[in-house]
Amino acid sequence: MPSSEIVNQIGLSHYLVLSAVLFMMGFLGVLLRRNVLVMMMCIELMLNAVNLAFIAFSKFSGRIDGQIMVFFVMTIAAAEAAVGLAIIVSIFKRFREVNIRFFEHLKG
Amino acid sequence: MGQDIFEITINAVKLIVIFLLMVQAVPILAWVERRGSAFIQNRLGPNRVGPLGLMQLLADAVKFLNKEDFLPRKAVRMLFYTAPVYALIPGVIAYCAIPLGTPLQIEAFEMAGKMWGPYTFAMQGYEIGVGIVFILGVSSLAAYTILMAGWGSGNKYSLMGALRASAQIISYELALGLSIVGVIMLYGTFNLTDMVLAQQGPMTFGFMGNQVVVPWLPNWGLFYQPLGFILFFAATFAESIRLPFDLAEGEAELVAGFHTEYGGFKMLMFFIGEYAHMMIAAGLVTTFFFGGYLVPGFTPAEIREFVAQNIASTPNGASAVTSVIHLLAYFVKFAFFLWFFIHVRWTLPRFRYDQLMDLGWKTMLPWALFNTILTAVVIYVAHNFA
Amino acid sequence: MTADAFIFWFLSLVAVMSGLSVVMMANPIYSALSLAMTMVSLAALFATMGAYFIAGVQVIVYAGAVMVLFVIVLMLFDLREETKAFTRGQISGAIKLAMVGFLAGLVVFVLTQGVKLMAAPDVVDAAKLPEDSSKALGLILFNRHVFGFEALGVLLLVVAVGTVALARSKGGTHAKQ
Amino acid sequence: MNHSLLMATLLLSPFVGFLINGFRYRKNGPNLSGWLATTAIAISFICSVLLVADLVGMPVENRRIAVSFFDWLTVDKLKIAAGFVVDPISAIMILVITGVGTLIHLFSIGYMHHDKGVAKYFAYLNLFVFNMLILVLGDSLLTMFVGWEGVGLCSYLLIGFWFTDKDKAAAGMKAFITNRIGDAAFLLGMFLLFMTFGTLNFHDLNQLAPTLPEASWLGAATLGTLLLFIGATGKSAQIPLYVWLPDAMAGPTPVSALIHAATMVTAGIYMIVRLNAMFMAAPNTMMVIAVIGAATALMAASIGMTQWDIKKVLAYSTVSQLGYMFLAAGVGAFGVAMFHLMTHAFFKALMFLGSGSVIHAMHEEQDIRKMGGLKKYMPITHITFFFGWLAIIGMPPFAGFFSKDEILWKAMSSPLGHPLLWVAGVLGAVMTAFYMTRLMALTFWGKSRVPKEVHPHESPALMTIPLIVLGILSIVGGWLGINHAISSILPGHPANVLEHWLGPVLLEPSLEGVHQSMTMEWALMGVSVGLAAISAFVAYHFYVRSPETPQKISEALGPVYRLVSKKYLVDELYAGTIINPLVAFSRNLWQHIDVQVIDKTTYLLADLMKGGGSVVRGLQTGNMQQYAMYIGLGLVAILSFVIMR
């Protein structure tokens, strides 16, 4: 069994490591998945990981600002998701398919 | 969860009892609905099976059980099967958070050679600090069951129904949430029990520095938040997709909406889910606006003291009896609202979808905002110009 | 294994597993639902850390609305099982994997070493934050950060208008003729 | 009348004529533009006559009208004002320019009547006269240089007037370029003089000129004057740079008359006479001038004898007469040079205009082999031409005799002179008499070789009046400068008017030490006139009585004759030695250096840029995941760097 101190004593680093792991998973998803919607979701996952880190810092440093930041991040994420989905809808209407290859048409 | 085994078991038993209570309530409500609607439509309704047709629902249950378990060809297996199960979970979780009665105090007693300390058991599933936020959150997850069912069954119409229903739920969640804000400002807490206790005794409130007491009125939230009550009550109809907002499965247009392809026991699960939502709505209305488990006009302390004198002298017995009394009080209000919910279905015509959306976004939302601002102003004036 | 520790490990396990399934699932609907699961588990984690209001908001806003949006869009597109879920190119895939792995290693290393400096005082401060920090959050949000709050309101308005314009622009039932 | 107003009108009226004709060159018809130009020059002529009259009235020692309009250039030490001076020397010049100019303008009204761009022609002519006046009246070398350049430009414009014809345009270009070479030397001379003497003003330069003559060739005065002389050879068509004048005949005949006989070509001599003190201080330059003058006279005269084009013959005769003027200037006889310049202006302008009317009559035919016996058809032109002929070969009563003999006498008697120079002079005179008589015989006397379809007729009055006036002048012109020997035998001993007029202004070599015996003078005069008469008779005999004899002689002489008739192959020499190597050098300069070196490097740079661009373009694939990967890699790099440090 890992040393009891790490398992039982849940400290800031536990939360941060969890957030890092989630963030990396999201990043990997963004890199690897072909379907743009899933990419968007992975971005949401990354944002959630960030929120977790914020809350952890806010709890362990005793300042409330973390939670306010989470509040802002959440709104931005919602806005980003909305616009992203609108773009994806218009791409879908145009190409009947929703994968990253069609976004290359937006290339300059 | 509790310090020792005894408390944990009691809590577990409490949860199961509430769950069973909800599940059993559904057939009764169904019976009430069918009989009520029959009488409204000048017909008798089910009266063959058992006295006054009470056993009809049992027969239906048996019928549902042995119906063929049918899977549509283009359905998405996993979603199709999990949707009904998931229909029930949010309803039950939310209901357990509603306080049903005064907490039961048990003195320390000796049993099986071991001293068991004093316990207090809350007469509700579990005590949640931020009651309202928790309930709102859980109820907003209901949209997933609808979407899963709609799309899972691979039927274009059911998908249409599901999309409309989920859009409706999300929009009215907004109105619901905002109307509650007035209540939260009034009681200054998210905790449901505190809200109920805040509605004790006759109507008393501080205004312009002096305490005004209105003896003949109970201290209910309704009188402080009339507009809030109306909005909240209408929004709950939409939340639980009950008439007049049940466009999702309006028979004429979309057959049965998102649960068209479901038959047999899966249909039953959806049925229960729907009624569970109705029960939550009724419970919340009573808690916010009608004093929850309080007997109108009397504070729990008075009742306990009355019981201690002439009914049950031992402390355990007294708290038990008061709890039962408050449970009954809560149950009466709760039943009344359920009855009301059901019979509204047979009296109001169905909204068209765009009317539904307009009502949600263009009338209820502004009014809810207005209510919030009004309450804020009134509270500010009341407190600051003391 | 204290209760809190158990809760933390259980929730983080759920979060990690559902996070992984978001990336790995071939069918986008399943990944969407697993993402919803992750969000709910994160909300629970927030609750363990005393941020009840944020947990509630997370569930209502994120899991309840944004994810529903995703699911609705996915269902409208009627995306079923994807044969080639991952982008082509083995080498680039390998590079990406290696890069993310290394990055994760780096970050975790930094966190475990660096945060130790932070860890010391946290036990003391924990008490400072009230058990239910919703009230404190509300106070500060509407006093010091009121401008941010209003800006967010405007942002959401802009987004709403933008999204409608964008969605209606090209074809579809409500397209401008 | 105050002098500055007169000077201004004198200068500006041709300029105004140029402006009017210039800007309305499409709209002005032949008559309007012609009479406009002529009146402009006539006004200048009147002004110059008035000015000269005032000048005559002035006391002898400071006969000088100086007018300064504005300060043109003040740079450190160099202060040049737009100052103009009329003194005895420039008086003669302005009278000649405006007088002969007016006559030539009158003549060209008739001559150019059928030409399309008549207004343009007259605009150029007016501009030419304006520039010539500036050249002559300028009080400093720089102002003179302005006129010098202007005149060069106008000669280019007028020679290449019919620029649509390639050869004529080439001739204009040739004239301009050779002049420019001369001008370059002129500029260097000016710089040198300014550097040493600190001023460019004629009056000051003459004062500052070193009194005792410089011995060495590299002295400031010698080198400066030598460079100025090279400039003069360019402008006045002497040995090295004379090649442009024969080709300049491509221009309309009145142009040749005005520019290439009377005015522009004399600019060189005028400049030397202007700076006489400076030139006197440089005996070496004087010797060079005399030798080149004599050589040019001989060479041009010899070529003249072999030419068949009427204007070419006259052109070479001009070159040789200019040679005589330089010879006179070279031996220090500045006054006589001016005198010959004046008389030459009269009879050469006359003969050019005469040839013009002949060509006009013969419908643009210039080859004298197709003429002959025109005496009958063109009596006035013949008579005036006859007087010009007598003047040029130096028959006693006519202008030519006095000025040319004076030059020959000065060549012999002057301290700077030399018997050899006199011999060259006489030989030149003999040849001049021969080719002029040949010209007269072939065009006017003898059988008519005019082709049937051509009917020569006398030119209209407009063209014959100037001929008559010039004819009278070429008779009377000579009497202005009768020398002592002749005046002694003439009744009333008429004084040498020119001598008195120019004497005080010019610094001529002092004659004390030299014994001037009258008998010697008479002897030399007799020899030269006799020889000239004999050669004239021989030429008459050749070309009128027995036309085939010159044929036989030319075959007998064979190669010599061909060499001379091909103008000693000087053009080919220049082409071979200077022009072609220069062109070849610049071509391979262009081929190798410009193309290979310069272009290649610029292209290299451009290619580098393009190459670099294409490398970076690889990054821009539009694949968003690739971009994300780059972000990740960047992050990893930064993080690892931060940690490692």
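Each chain carries a letter (A, B, C and D) given by its place in the written order, and its residues are counted from 1.
The rule we apply is simple: a residue touches a chain if its C-beta (ideal position, glycine included) is under 8 Å from a C-beta of that chain, and two chains touch if they have at least 3 such contacts.
The structure presented is a predicted model; accordingly, all values stated were derived computationally and were not measured.
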*In how few steps can one go from subunit B to subunit D if every step must land on a touching chain?*
2
_Chain closest to the middle, measuring from C-alpha centroids that were averaged per chain_ = A
*Between subunit A and subunit B, what's the gap in Å when you average each chain's C-alpha atoms?*
34
*Which whole number of Å gives the spacing of the CA centres of subunit B and subunit C?*
30
_Report the inter-centroid distance (CA atoms only) between subunit C and subunit D in whole Å._
99
*With chain centres taken as the means of their Cα atoms, state the distance from subunit A to subunit D in Å.*
95
*Counting only residues that touch at least 2 other chains, which ones in subunit B make the list?*
none
*Would you give the residues of subunit C that are in contact with at least 2 other chains, written as numbers and ranges?*
53, 57, 65, 87, 96, 100, 103, 107
*Shared-contact residues (touching 2 or more other chains) in subunit A*: 27, 31-32, 100
*asked:* Taking the top-of-page definition of touch, could you list the pairs of chains it picks out?
replied: A-C, A-D, B-C, C-D
*asked:* Please output the residues of subunit A touching subunit D within their complex, sorted ascending.
replied: 27, 30-32, 100, 103-108
_Which stretch or stretches of subunit A touch subunit C in the complex?_
7-18, 20-29, 31-35, 37-38, 40-42, 44-45, 48, 51-52, 55-56, 58-62, 64-65, 67-68, 70-72, 74-79, 81-83, 85-90, 92-94, 98, 100
*Contact residues on subunit B for subunit C in the complex?*
1, 76, 78-79, 129-130, 133-134, 136-138, 140-141, 143-144, 147-148, 150-151, 159, 162-163, 166-167, 170, 173, 177, 190
*If you look only at subunit D, which of its residues touch subunit A in the complex?*
620-625, 628-629, 632
*Sort out for me which residues of subunit D touch subunit C in the complex.*
625-626, 629, 632-633, 635-636, 639-640, 643
